[in-house]
Amino acid sequence: MVKDLLKGKNGIIFGALNDKSIAWKVAERAHEQRAGFVLSNTPVSIRMGTIDQLADKTGSTVIAADATSTDDLNNLFEQTMEIFGGKIDFILHSIGMSPNVRKGIPYTDINYPNFSKTLDISALSFHKIMQTSYHMDALKEWGSIVALSYVAAQKTLSGYNDMGDAKALLESIGRSFGYVYGRDKKVRVNTVSQSPTPTTAGSGVKGIDTLLDFSERMSPLGNATAEEAADFIVLLFSDLTRKVTMQNLYHDGGFSSMGMSNRAIEQYSKSFD
Amino acid sequence: MVKDLLKGKNGIIFGALNDKSIAWKVAERAHEQRAGFVLSNTPVSIRMGTIDQLADKTGSTVIAADATSTDDLNNLFEQTMEIFGGKIDFILHSIGMSPNVRKGIPYTDINYPNFSKTLDISALSFHKIMQTSYHMDALKEWGSIVALSYVAAQKTLSGYNDMGDAKALLESIGRSFGYVYGRDKKVRVNTVSQSPTPTTAGSGVKGIDTLLDFSERMSPLGNATAEEAADFIVLLFSDLTRKVTMQNLYHDGGFSSMGMSNRAIEQYSKSFD
Amino acid sequence: MVKDLLKGKNGIIFGALNDKSIAWKVAERAHEQRAGFVLSNTPVSIRMGTIDQLADKTGSTVIAADATSTDDLNNLFEQTMEIFGGKIDFILHSIGMSPNVRKGIPYTDINYPNFSKTLDISALSFHKIMQTSYHMDALKEWGSIVALSYVAAQKTLSGYNDMGDAKALLESIGRSFGYVYGRDKKVRVNTVSQSPTPTTAGSGVKGIDTLLDFSERMSPLGNATAEEAADFIVLLFSDLTRKVTMQNLYHDGGFSSMGMSNRAIEQYSKSFD
Amino acid sequence: MVKDLLKGKNGIIFGALNDKSIAWKVAERAHEQRAGFVLSNTPVSIRMGTIDQLADKTGSTVIAADATSTDDLNNLFEQTMEIFGGKIDFILHSIGMSPNVRKGIPYTDINYPNFSKTLDISALSFHKIMQTSYHMDALKEWGSIVALSYVAAQKTLSGYNDMGDAKALLESIGRSFGYVYGRDKKVRVNTVSQSPTPTTAGSGVKGIDTLLDFSERMSPLGNATAEEAADFIVLLFSDLTRKVTMQNLYHDGGFSSMGMSNRAIEQYSKSFD
């Protein structure tokens, strides 16, 4: 097995709640590949989850921050740069939440303060993180920033509600900031569009089990797991992907390029028996 | 010349400021094709522009409404349905504004209340209009809703700032609401991605003249004008496009499918002389 | 109902076999809208189908031509220009055939002479038609060319075989020729990506009924019919779409923008009962 | 620097002509990462180029094969499996040639036997390679196949001629075969859309220097080099990208997501001085 992919690199990983989180798996893989990192999440998520176990296991520090607060972010980057004695190399944004989804409010009855909250938490936070790091000059040249997305940004999924819109906005912010961050500081910015993953966050979506089954049968290689996503994201932090930027990269076993698979249509046809 | 494309149809046209506005041209064409409509804009835009002339010319009523206010929208739809004695057939959303662009604040210094305002005015207003009309059951079956967009939703343009993100969100809202509105009420929702157009709104973008020239030379048929956009939008309101929905339709002389044209590269090569 | 959309316009319609064909419906609608046209198909298809009835009904002439033969195409354009006393305004390409699909040869056992035949008939014929008309200067300024495509060009559908590749090539040829035809002669070129349609050609695909059902439930407005496709295509021939070029336009009830609908997932979930 | 990314893996690399070739760089990087491989090219290219030097340097065998000949491919795979004592892990397809481009024949004067040759060499060869390996069961589970592409598959570039169409077909074949190869053998198939690269093949395109300059200024990270492409492709052969399939991955410094950059528009504006 490869080692040292991230040797000498340091970063910040946002969004590890518990051992089902993709961010958790990224932290484990990054640690295996010799990266150092700070783990960050909101105070509430830190209390509700088990991030301290991850910090222990990976020898990393947890710093609480609400990624919608530029004050918190300033503080987080300052502390992080202190810990690592200077600029860092990578950032993972794995943050998303919709009060409308949580409360089961349909897309046609949307509560607009909720909608704004969805966008602020799930998309604007990505801009805030980048703007903060840009102004503090917190990333080295050829640094790498990744946010997690989902195919709902391109294709409407019943029940995914305003999170589809938030992911579309997230991906656009990745492109827009990717342009200026690349031009000015040689930092790259990408989003990874991952298979539906049975994390704590994902489990809030209604009918998720049937959707996971459909997605599994549609994807020639099956759904990508959180561990596999972590493998891929670690590569995006490495020096071997320096010229990939402003992209939305599908990590989904092929789902995004399928119109209809044999396995899915055969299952579907059973519904008429 | 064709007549009667919209005979018997009524609608609401948002966003006509003056005779350079695309919404103004749509109103003129819709009138020629025998549609009835209400013109709506914010009180400020009504004062600053010349919408009353358009109302006179087309025999239509002006109703002030801030499209970010659901109260205003409720009132607007109520009055409109009273004027036309029932449900309407089409809506045009031609609304967009970024305080960050107006004030020349770069994308890396964004003011977040401004960003939220950009999104609220330019994108969430589209959801609010549709949610209001959905709940009031204001549109007939096979009604048609169109919003104006720009290629900045897919490709980053220096200087277009947070409006690129707003257009990405707008298009996503079009898809998301298009799904439920189609499923529940047979109403279609599309966005039209128009060539850069020298309207009052467009003229705020820095270096717009050079961009217009580049776009003109890249597009095999040249930039599409506001009048041509109006022709196309009227078709989307007609009964001949009933099964087109959840689409972003490029009306741009071919620009969106070009990598490099002869005319643009020849002009570009002169820059080295 | 609108009339005169194509008044004074003449064209060529390729691919009407019988009254299930999309090209047949386009001919009927174009006739209603006062267009004149020549109907063309291969000698075999003319014998097997009922195109003469269509010619009678619409007062048009049938001219046999194999669209893969530039000699036949030269002859066809010459005769057509003689009939109409000069240049024409529109062309419909509704031609596609895969010997591999017909003979049930799987994509992993493809016969390469067959593959080349699929590409030649279904895609290169489009280039040949345009190159012939370009050199004979057979189209007026602002003329319009349309070819029928399918979402298999972007998304793989089990069983659609090498026709998916042929459609991808067809759409690319539309863009490539659209650039030069637009630049040099102001002629526009587009493809229409239509819902699966139970035509004679479409019925060769295995499991087409289940696919049609899935597509129907996924599309918020249901599958688009051949008649509705004809309405839309007639608009693309009219003067109201002059600046739309090099596009692939989805006419599919919303299918192409759906990830998962309520109706489809509910049906799918029944398969586990 | 990372080592051992491809330790224990063997493959075939098609298309190394000389030390400017992307395939050449891939061979060097794959060798550094401990892969074994066979180098293959046509007899003519072997004579004209310097592939033997590369074979010496990397301890690999050169086997001549015309990738449009299934007989040659059968022989190549047989010999390769003999050399490595069994199944292999990866394949690189870096093959493309257009007689129309070579001879300066414009897209509107295309010679159809030439066009078929372009498609056969540049796209159908990819299917032939995969069909041959599929039937010989030459790839291990979780094997990886990559072909090189270019953005001309999506966007028309003046002068790129029928190679744009060939790349569109190549990418479609990647998706179509990617579905069945993934489903049946857990092998993944992707295309890499690389910046314009001053290779021997690329240098045939007219006005390539100006295009390279424009592309450089448009891309926030500049054009990706052949060496950087090799880094990226090696990752796609590694075990860390197992669930990425049926994708077209842009490796282009951000070009594909740009509408207009500061640097490019400033240069362009100088053309008016």
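Assorted remarks:
Each chain gets a letter, A, B, C and D, in the order it is written, and its residues are counted from 1.
We adopt the following convention: a residue touches a chain if its C-beta (ideal position, glycine included) is under 8 Å from a C-beta of that chain, and two chains touch if they have at least 3 such contacts.
If you're wondering where the values come from, they're calculated on a predicted model, not measured in any experiment.
The minimal number of chain-to-chain contact steps leading from chain A to chain D is 1.
Using mean Cα coordinates as chain centres, the one most removed from chain A is C. With B-D and B-C as the two chain pairs, more C-beta contacts join B-C.
For the pair chain B and chain D, the distance between C-alpha centroids works out to 41 Å.
Mean C-alpha positions place chain B and chain C at a centre distance of 30 Å. The set of chain A residues that touch two or more partner chains comprises 155-156, 158, 175, 178-180, 246, 257-258, 261-262.
Taken as a graph of touching chains, this assembly is fully connected, with contact between every pair of chains.
Remark: chain A residues 2-5, 175, 178-183, 186, 188, 195, 219-222, 224-225, 228, 231-232, 234-235, 238-247, 249-254, 256-258, 261-263 touch chain D in the complex. Across the complex, chain C is touched by residues 70, 106-110, 112, 115-116, 119-120, 124, 127-128, 131, 134-135, 153, 155-156, 158, 161-162, 164-165, 168-169, 171-173, 175-180, 184, 246 of chain D. Of all residues in chain C, those touching chain A in their complex are 151-152, 154-160, 207, 210-211, 213-214, 257-262, 265, 267-272.
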